[in-house]
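Paired with chain B in one complex and with chain C in the other, chain A is shared by the two complexes that follow.
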Partner chain A sequence: MNTLYLAFAYLRYHWARSLVLVIAAALILFVPVATQILLSTSQTALIARGEATPLLLGSRGSQLDLTMAALYFSNERPDPIAMREVDTIWDSNLAVPIPLHTAFSSGGFRIVGTSLDYFDFRDLTFSDGRGLSLLGDAVIGAAVADALGKGVGDTLVSSPENLFDLDGVYPLEMPIVGVLEATNTPDDQAIFVDIKTAWVIQGIGHGHEDVVTAADIAAGSEALANASVVQFQRITPENIESFHFHGSQGDFPATAVIVVPADTRSATILKGRYLDSENPSQLIEPASVIQGLVDRIFRIKSLLDVVTAIVAVAALAAVGLAVFLSYRLRAKEIATAVKLGARRGMVLRLLAAETVTLLFISGCIAAIGAALVARNADTWVGWLLSLGA
Partner chain B sequence: MISVENVSFAYGTGDFRLNVPRLSMQSGERLAIVGPSGSGKTTLLNLVAGILSPDSGRIVVAGKDVTALTDTERRQFRASHIGFVFQDFALLDYLPALQNILYPYRVTPALKLDQAVRERVEVLAEACGIRDKLDRHPNELSQGEQQRVAICRALVTQPKLILSDEATGNLDPESKGRILDLLFEQASEAGATLLAVTHDHELLPRFERVIDFADYREVADA
Partner chain C sequence: MHRYIERVVLAVFGLLMATVVVAQDRPKVVAVNYPLQYFAERLLGGSAEVVFPVPDGVDPSFWRPSISDISMIQSADLILLNGAGFATWVDRVTLPRSRLVNTTAAIKDQFIVTESITHSHGDGGEHSHEGLASYVWLDPTLAMAQAEAIAEAIKARNLAPPDEVEDRLQQLRKELEALDQQAKSAFSDVQNAALIATHPRYQYFGRRYGLEISSLEWEAGATPNDAQIAELQMLAQETAAQVLIWEAEPPVEAIEAVESLGLQSVIFPTLVREPADATYLSSFEQSVGTLSEAIQMRQ
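On to the complex of A and B.
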């Protein structure tokens, strides 16, 4: 008891020195543990997303870019794939295709044009509102709702692709009809719209006031469409009928198509159909692409582990030296204690109590920090992964 | 109280050797040791306290042959029978004056810290004029006050023998006299024997006996 009393008195009186030692030791313990937790959570999250997506169809090119764009809604822009590929998959009866269009954004968050199947496929549920039902509706992820402070009843405006594109497409104002429950996946960071809404944003489809009125028809006068015809920037029940698309839907673009095969046999047949390297489309397994990425990351991590170990040893040596020098500085105190009748063991216990107390406090701080990281790892990893988006 | 017979001691290094053929002190006596630096004054104190063991000879303190005791027994004996006052006070900067006085009870299992001890500290601190400064750390005290704290620490265990090693060496002339008076007074009240090493010849007349280590002779007319 006396030993602890003296140890605490010493540490309290020399609080600045104690604080530095505690922080240094806590960091030495905390950093490798926290890094390990975040990395393993990242690995789990990355692989889980990949494994939850059986097949991915897209233009032939970088498999990683295609995977990152379709699974993590990143900035990568793989060449678009034509929607007729979706029809081809449907017609094969081998799988369910879920198109994704990730070319646009709003308020810094990716607008993901897709079909209703996506919500079932990802098992997304609503914390508020409803799903997509009308052209122009938007459903936002939990993180988007938090970050933008928006909810059901608010609106979002798509960001222009290029500020200098003066004759480009007008931004589309979209009512938010639903907010998703948080999933700690990139879906939290996305704004979901029907893929047709994405095409409207792209300018493939649009709505405008009637060029020809009933009176014009009765009078037999000719119709003239020019820039003075008002284009609608928000889809409403009143003007939704005027929205239409030019061209064949089979030519419309999608970033990628998630392919959910009926069974293993169907998957194998489908993969066989896209083996031809001359085929402009490719069917990939995102899990293997992600695994390749993770393997690469963890090869780098091994190097980082070595660096961390070297830094930890150096830091521990510095802390050890500080403690040793502290003992040297206290040689007089030790001599006094001996002269007053203290046993050698008592002096050693006193110094050990101080060291153990410092390490215990450091360990507690590091453990609390590690517990906090472990508790929030899914959220933080979701946020970290979305940074690339 | 103290009986030193044919004691011889040498450190492992160097050619210094202390030889004390005979030295004795009566209980309650005040004896000063003077002599040049390196003549063995502090070494004798350490031998009497059992901190060092002589190469030969016998030292008896309060009826106990300290040379025959084991290391643990010597520490216990020192804690319960001897009070130390040092030139540099040897106070711990991280403890307030009260805890510095109680320090022997913190580091020595043989001593039990109870209410009686705490009351004794109050009495000692009052007598030494530092009762209102017990919550202060050493760096908040003057040198004279620090030495008063050190004296309280030496006396709190009610030792039979007080060993003073240049206790007034760091003090100004005015404080020296007051501190020595205080040491004598408290030693008398406790009935303790006082063996003091000093360089200060002005203080020698206050001692009953003085031994000059320069030629190991007793200065009768101190």
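On to the complex of A and C.
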């Protein structure tokens, strides 16, 4: 007990040196453990999202871009796919297609235009408000609500597709009607709207003041308004009736389509239909794309493990050297203790107690840090994945 | 005696509970107009509750649902749409695609284009809005296609035993064919007869039975003003029409004003809403009879 008291008193007296040693040792212990926790959580999260999405339909091109855009709402821009492909899947009666339109953003968060089936498919529930009902309604993920400090009753404005796109895409103000429960998935980072609202942002659908009067209709005359007709940038109960779409809905774009087959047989039949490399559309299994990505990450991870081990050995050697040098510096102090009657064993016990105390404190700090990481790993990984996207 | 009362009370309670459970378990089908409601009810035979959500006095074509109406519609097991530009509110409302059925998807090539409005926005190019005649069910052959689409959707979603649905469809098909035959023979002697309708609702009906129906834009059931009467007079002179079709019972003074122009009034409900004391089939049959008689009398 006296030994520990003396050791602690010594460490406290030399607090600056002790603090440096404790932090260095704690970091050596903490970093590999935290990395391991985050990587394994990332692996689980990545694979889980992929496995929860049976099939993905999109334009032929990079499968990774398509997967990242549809599952993680990333900035990748796969070529759009026409909505008639969605109708083709419906008509086949083999699967439920869920279109996704992820071309726009607001406040740094992706606007995801989709159908109500998406909410059932991902099992998303509301912490506040209601689901999408009217054109222009927006439902935000939990992280969006936290980051923007917005909730039901507030509004969001869509950002232009790019700075130079001043004519093509009009910003649309959208009322927030619901906030989703946190899921620690990319859905937390998304702003959900009806895909028709996404088409309004894109300019395919719009509302404007009347260009034809009841008298024109009664007269059966063709009305022609060639002046600039003012378009509405906010959908309100007063102007919602004027919103309409141009062209055939089959030609309207979607970024990707989640395809939920009725059974394994249906999935196989559908996959067979998209095997032809001449087909401009592709049907992929996101799980295998994600697995490929994860395998690649983990090949890099083994390299990282080696680097971490080398750095840890070097750091441990440095700490050991520091401790050894401190003993050398204390040679006179130890000699005095021996002259005062302390036996060699007593001196060794004193030095050992100091080292054990240092390591214990470092271990405790590292353990607390690791527990903190483990507790928040899902959230941080969700954030990291969306940040990476 | 006491035991007997106890048993009766238990039986009534059990029956009530069973009714509640059955009511809760019954799937819900929403239809955007009466013909779709009628066909769905005929095909389901009570297996599901069929709801027509538009309140009385509101034109289903221009109805705007409230948020609670939308929630109710979103919760339905099947949502029957008419297509052909009918009930444009569906374009501005979020509905679950997996439960939507466009009953005219298979007959798009038979749509009648009614009007075209051209305009432009800013520097964007001009574009046109195509108007479509919506009242497809006034042609029984197209109504049959709608009923077939409903039957297919009911079977696909297992809302009623498929064999029973098929049997009911066969029966409905026979009745619609009979109705079509009856109308064909009623109008066979009056081909290309010129008629005027107070509202442009009868395009498919006119096309099916070879009738030339010109249209006004009068409010259903309202008395026309002097300008409207003048417009009617001009149209009657242009087309030589002698019969005016009303979609709803007009005021007596309206009928008198029309008669003073030498036109006979015929009420032909468009069936967009359920007619009083009649069904789709009986009302259509009666209207065909009245109209053909009026045309023959005038000829």
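Brief remarks on what is shown
As a working rule, the second predicted complex is superposed on the first by the 374 of 389 C-alpha atoms of A that agree within 3 Å, B and C clash if a C-alpha of one lies under 4 Å from a C-alpha of the other, contacts with A are read in each partner's own complex, and residues count from 1 in each chain.
Just so it is clear, contacts are C-beta pairs under 8 Å (C-beta built on N, C-alpha and C of every residue); 3 or more make two chains touch, one makes a residue touch a chain.
Everything numeric in this text was worked out from a predicted model, so none of it was measured.
Applying the stated contact rule after C-alpha superposition, one finds that A:Y5 touches chain B and leaves chain C untouched. By the touch criterion stated above, A:H14 is placed in contact with chain B alone, chain C being left untouched.
Legend: residue contacts after superposition of the two complexes on their common chain; A:H246 is shown touching chain C, with no touch to chain B. Within the superposed three-chain arrangement, the count of touched residues of chain A is higher for C, of the candidates chain B and chain C.
By the document's definition of touching, of the two partners only chain B reaches A:K339; chain C does not.
In the superposed pair of complexes, A:L132 makes contact with chain C only, with no contact to chain B. Contacts of A:H206 after superposition: chain C is touched, whereas chain B is not reached. In the superposition on chain A, no residue of chain A contacts both chain B and chain C. For chain A in complex with chain C, the residues that touch the partner chain are 90, 93, 96, 115-117, 120, 130-135, 137, 167, 194, 196, 203, 206, 208, 211-212, 214, 217-218, 220, 222-229, 231, 240-241, 243-246. Chain C makes touch with chain A in their complex at residues 64, 67, 70-71, 74, 88, 91-98, 115-124, 126-127, 129, 156, 216-217, 231. Every residue of chain A that touches chain B in the complex is listed here, in rising order: 2, 5-6, 9-10, 12-14, 332-333, 335-343, 346-347, 350. On chain B, the positions that touch chain A within their shared complex are 49, 51, 72, 75-80, 82, 84, 86, 88, 90, 92-95, 99, 103-111, 137.
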